[in-house]
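Heads up, the next two complexes both have chain A, just with different partners, chain B and then chain C.
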Partner chain A sequence: MAQTAGLIQFSGHQHFRHRLVLSILSGKPVRIDKIRSDDKNPGLRDFEISLLRLLEKVTNGTVIEISVTGTAILLKPGIIAGGALTHDCPLSRSVGYFLEPVVMLAPFAKKPLQLTVRGITTDEHDLSVDLLRTVTLPHLQLFGISDGLELRIKRRGASPGGGGEVQFLCPVVKQVKTLNFVEPGKIKRIRGISHAVRVNPQFSNRMIEAARSVLNRYIPDIYLYSDVYKGEESGKSPGYALSLLAESTTSALHCSEAVSQPGVAPEDIALQASRALLSEIKAGGCVDRQHQSLILLMMVLGSEDVGRCRMGEPTARTIQFLRDVHSFFGTSFKIVSAEPLDKECVQLLYSCYGIGYINANRTLA
Partner chain B sequence: MSSDQHLLQILNAHGQDFLNSFALPASALGTKRKSTEGSSRPAKVPKLQPESDDDEEEEEWTGIQAESSESGDESEPGSDFEQEDDEFTSAPSSSKVVVFSEVRRPGNSDLQSLAQKKAFMSSKVSKLRDEVSGQKLDSSTPDDDEEEKTNIQNDALLHRLVHTKLLSGSLNEDLNMTPAQRKKALAGRVLEISGQAKLGKGEKSVREQERNKAGKRVREGMVDKQKERHKQHVEEAKNLGNYHPTIKKLFESTGTSNAPRRNRERGLKMGVGKFSGGMLKLSNEEITRAQGGATSTRGRGRGRGRGHGGNSRGRH
Partner chain C sequence: AQAASSNSRRRKDWTKLIYSSQLTPEEVLAGKEEASVDEEEDDDDGEFFRFKNAPRQDEDEELDSSRTVWKEEDLTKWEDEELLDSIRGLFITGSAPA
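Moving on to the complex of A and B:
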C-alpha cells in the first residue's frame, strides 16, 4: 500500500474540520502544518485538539500525530466505527462546532452512532442545537437518511458556563441518494424557536413578539415556539436566543439565529434574527449558506450519477471546500448560472458526478 | 357624545372615590372638602366632587352600580381602559394612554396547533416535516343518526362488493369457463367468505368434496394423478434452480401435509418401562402389575377380575 502516495498536504488552521472529514471519508492521510505558526499562541487550540479526540473516538484505527509545538498534525484515517459514545467539549466553542463534522461522518459508520456531547449548546459562532435539529438534519433526509435520525436536547447550556447536553442518533446507510434539487419554490411558512435559560421567561415572549412584528407582513403562517428550560436542565449561565427557519413549497430551508449579547434588549436580538432570515431568503436557492458544504459533500458521495442543486453564491468556505474535494476525491463541480437568460439572477446551479461511495464499514446484521 | 362625556365623568368620579378610599377616613373627608380649592385637577372633576360629597358623605360607598345603575352595561368598555392602565396617578391625564396587547388568533389553542408544535419540537427528525393533516377532532359523541347513516352506507357498500368483486370475480376473466367450472368457483368463494375454507382454497375444497363422492377407482386415480403432477412440478423447479430443501413447504399443496407428525420413537422397546440415560424407568402401575396386583381388591374386583363363566366351566 503506497501510504504516502495518497498523502495530502495543507497549511493553516482554516477549514480544519472539513479537511479532516474528507480525509476520513476518502481514506487518504492528511498532513496539516503551519497551524497558527506566527501567532502569539502557536499551534492547535484546545477545541481543535478536542475535535481530534472526538474523531478518534468515532473512528477505529485512526492514528493522529501532533508535532511537539502543535503546529502540525498528521492524520491517518481508520474506519468510522460509530456506536455509543460520549464526549465532553471544552467551553471555548459550542457543540455545534463538534457536531457538524460528526454529522458528515455518521451515516457511513459501521454501527449506528449514539453520541452524547456536553458543553455549550448555543453560541454566536456556530450553529445552535436548535438549528442543527431543525435544519441540518432535515438536509440529510434529502439523501435518504431519515429513519432513526434524532437529536435530543437533554439540557441547554449558554456560554460561558455551559452545562448543556445533547444526544445525537444517526442511522447507517449503504449509499446516499443522488440529489436533484433545482426548484427553490416560494416560502410558505416560517417557524422559530425562542429559548431563555436562567433569565426572565418573558424574554422569550418578548423576542417572539418583536420577531412577529417584522415577519407577519410577509406570510400568515408563522409559528414561533417558546422553549423554556428550568432548573437543572437550564445550564450554568444565563442567556437567550432566537432561531428562525423558513420553509419553501419545495421544502428548501433557510435559517438564521441571534444569540443574546450583554446590554442588548431581547427585542433587538429578535429583530437581528428576523432581518438575517430575510437576507438569507433573499440570497435564495434551495440550500442556505451555512449548509452548502454539507450538501455538496453528500452530492459528491452519491451514486455514480449527475447530482444537481441550485444554491446561491458560494461562501469563501465553500470555495475552499470545493478545492479540497477535488484534491481528495478528484471530483470537480460544474457551476453555471441558474437562469442564464436572466441577468439579475445570482443563483447558481451546481452539478457533479458522484463517486458512488459505498459504506463498506456497515455491519450486515 | 354628551352622554359619553357624562359617562366619562361618572367614571372619573368612580376612580377618584376609589383612590381616595385608601386615605384615612378623617383626613379623607377633609381632603374631599378641601379638594375643590387647591386642586390641579381639570375642571370636570371638581364639578362632580360637591355632588358626591353631598350624596355620600355619611354613607358607605357602594360602588358604581349605585351611582349609575341605568348605564351599568355601557361603562364596561370604559372600565377596560382604566384597568389596563397600571400607573397609579392621582390625577387622570388629559390624554388617555391605551395599552392593548395583540389579540391571540382564534384558532391558536386548538388541537391542530398543539399537534404541530409537538411535531416541530420533537427530537425525531422524521417527525419535523410531518404535516398535521386530517386532524381527528373530538369524535366522542356519535349520534344515533350518524350510526344509522354509516349502517346504511355499509349496506350499500356490501351490496356493491357482493355483486361486483366478491362472488363474481372470476366472471371478469376471459377464460370462458364452462358452467360447471363457474359453479364450482362460486361455491368455493362462498365457502371462503363464510370462513369455512381458507382464502384461496375454497374451490379446491369443493373439488375434493366432489371427488369423495366418486367411486374408489376414480378417486384413487385422481389422487395418483395429482401426486404425479406435484412430482413433475418439483422436478421442474429443481431443473430451473428454484428449489431448495428449506422451502419444501411451498411446493406442496396444503392438503397433503397435516399437523406436524410427532417424531416417532426410536430404538428397541422393552415390554415394560422406558429406558433412557442408562436407566430403566418404571412407573408405579407397571410395578404393581408385575407384582401380581398386590393391592388389588378382593372379591368383586373390577377390571381384570376373573372371568365369571367360561364355556366349559362348571362342576366337572
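Moving on to the complex of A and C:
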C-alpha cells in the first residue's frame, strides 16, 4: 500500500521536529543534511537523537539512518503505532519538546497512545506541561479529538535536575473535523497555574498576588491555582513558574508563561507572565500564537472541505511550517486580512482545502 | 488606537510572501522587500534552494521551540496605563470599541 513517494530534502537543523512529523504523516521519506555542519560541534544534539528514538517507538517500521558525522539523516517513515510507551528525555530540553511532535502524530495512530515521559516538565524554552494540558489539548478538541485526551502530571521536575513524569493519553480518530473558527469573541475568564517545587511554597502565592495586581483591572473572573507538589513528586531541582491562559466567549485560548530565573523575585516572574498574556490577548485571533502550526496542520489534514481560521500574523516558525507543508502535501493556504475594510486590523484569515487525511492505520486493527 | 497606528504601510501579501518568495521567514517578518527574482526557475525543484546558508553563529543557535520569546521592551511597555486601557475592549467587561 505504501507507494514509493519522492524523497523530500532539507538542509540545516532548524525546524527539525516539523519536518519529521510531516514526513511521518505524509509517508514520504525525508533527508536532512548539513545539520550544524559549520558548527564547532557539528551534527545532531542529544535531544534530537532522543526525539528520533521516541519517534521510532511511536511508529512501527520507521527506518532512520544517521551519517557517521551526525550531520545528515534519512528517515523512512513507518506507520504510527501508538500503544503504551515510556521515554526518558535528556535534560537538555524539557518534555514539551518531545510531546509537541507526538501530539501532532498520536491522533492518527493505530492504537490509542499512552506515553509516559520523564524529564524536565517546565523550562524557559518549550511549552510546559501545564500549557500542554490546559491549552494544547483543548486546541486538539477543536478538531474532534477529545474523548480520552489527557495529560497527567505525576511529578514535576524543574531544570536542571528534572525528575518529572507525565503521562499523555490520546485517542485515535478516523479523520479530523474541518475547522471553522473565525469569531475570536471577548475574553471572559483568566485561569492560571502557579507552582513551586523545592522552594518556599509561599512563592507560589506571591506570584498569584502579583499577577492579580495586573489582571484584576480587566475582569473579575480570575482563578489562579496554586499547585503544590511535595517530596518525591517535586523532582530534583528547585524552581517555580506561572502559566496563564485567557479564554474568550467563543473558547479562543491565549496563553503565556514565565519561569523562575536566578536572582529574580517571584513577583517579577508573575509580572512577566501577566504582561506576556496581555501581549497575546492584544495580538488576538482565535488561536494562540504558539499553537499556530498545530492548528494549521490539522486544518490541512481535515476532511475535504474548506477550513477557515482567524489568527494573528504568522510567526517565523509558522511561515517555514507553511512552506514545508506545501512541500509534503502540496496544500497552500489562502491568507487574507480578516477585515479588509479595517486598515488597523492586522489579523488574518487562513483558509485551505483539507486533504481528507484518513487514518488508515486504525482500520488495520 | 489611532494614535498608536504605525500601520500606514501597505498590507503584506502573505500568500505571495510565503509561497512564492525566496526570503527567509525572518526577512518576511522584518518586511524586507524582495528584489525581483525569477521565481519560476526555483519554484519547482524546491525546498533545497530555499534556505540560504547564512553564516551561523555557534553560540546563539536559534532553538527549535514554539514558545514565544519576549523581548524585555515588549513586556515593560505594559507599565503604561494608556496601553493597559487600550485593550479593555477585548474583554467582556469592557465596552465595545466605537
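Heads up, the rule we're going with is that the second predicted complex is superposed on the first by the 357 of 365 C-alpha atoms of A that agree within 3 Å, B and C clash if a C-alpha of one lies under 4 Å from a C-alpha of the other, contacts with A are read in each partner's own complex, and residues count from 1 in each chain.
Basically, a residue touches a chain if its C-beta (ideal position, glycine included) is under 8 Å from a C-beta of that chain, and two chains touch if they have at least 3 such contacts.
Not measured: the values here are computed from a predicted model.
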So if we stack both complexes on chain A, do chain B and chain C clash, or do they fit? fit
Which superposed partner A:I335 touches (first chain B, second chain C, both, neither): second
Please indicate which partner A:H15 is in contact with in the superposed arrangement: first for chain B, second for chain C, both, or neither. second
Could you look at A:I193 and tell me whether it touches chain B, chain C, both or neither (first, second, both, neither)? first
When the two structures are overlaid on chain A, which partner does A:P171 contact: first (chain B), second (chain C), both, or neither? neither
In the superposed arrangement, which partner chain does A:D227 touch: chain B (first), chain C (second), both, or neither? first
Of the two partner chains, chain B (first) and chain C (second), which one does A:I319 touch, if any: first, second, both, or neither? second
Taking CA centres after the superposition, what's the angle at chain A between the directions to chain B and chain C, given in steps of 10 degrees? 130
Touch check for A:E344: first (chain B), second (chain C), both, or neither? second
Between chain B and chain C, more extensive residue contact with chain A: C
Once the structures are superposed on A, label A:I281 by its partner contacts, choosing first (chain B), second (chain C), both or neither. second
Once superposed, minimum distance in angstrom between C-alpha atoms of chain B and those of chain C? 17
Overlapping contact positions on chain A, where the chain C interface meets the chain B interface: none
Which residues, counting only chain A, touch chain C once they are in their complex? 8-17, 34, 36, 38-41, 96-97, 100, 124-127, 186-188, 214, 217-220, 249, 256-257, 271-272, 275-276, 278-282, 284, 289-291, 293, 313-320, 322-324, 326-327, 332-337, 343-344, 346, 348
Going by the contact rule set out above, which residues of chain A touch chain B in the complex? 133-134, 137-138, 140-141, 146-147, 149-153, 191, 193, 209, 212, 223, 225, 227, 251
Can you check the complex and tell me which residues of chain B touch chain A? 102, 113, 116-117, 120-121, 123-126, 128-129
How about chain C: which of its residues touch chain A in the complex? 1-2, 5, 7, 11, 14-15, 17-19, 24-26, 28-29, 46-48, 50-51, 53, 55-56, 58, 61-68, 70, 74-76, 78, 84, 87-88, 90-94
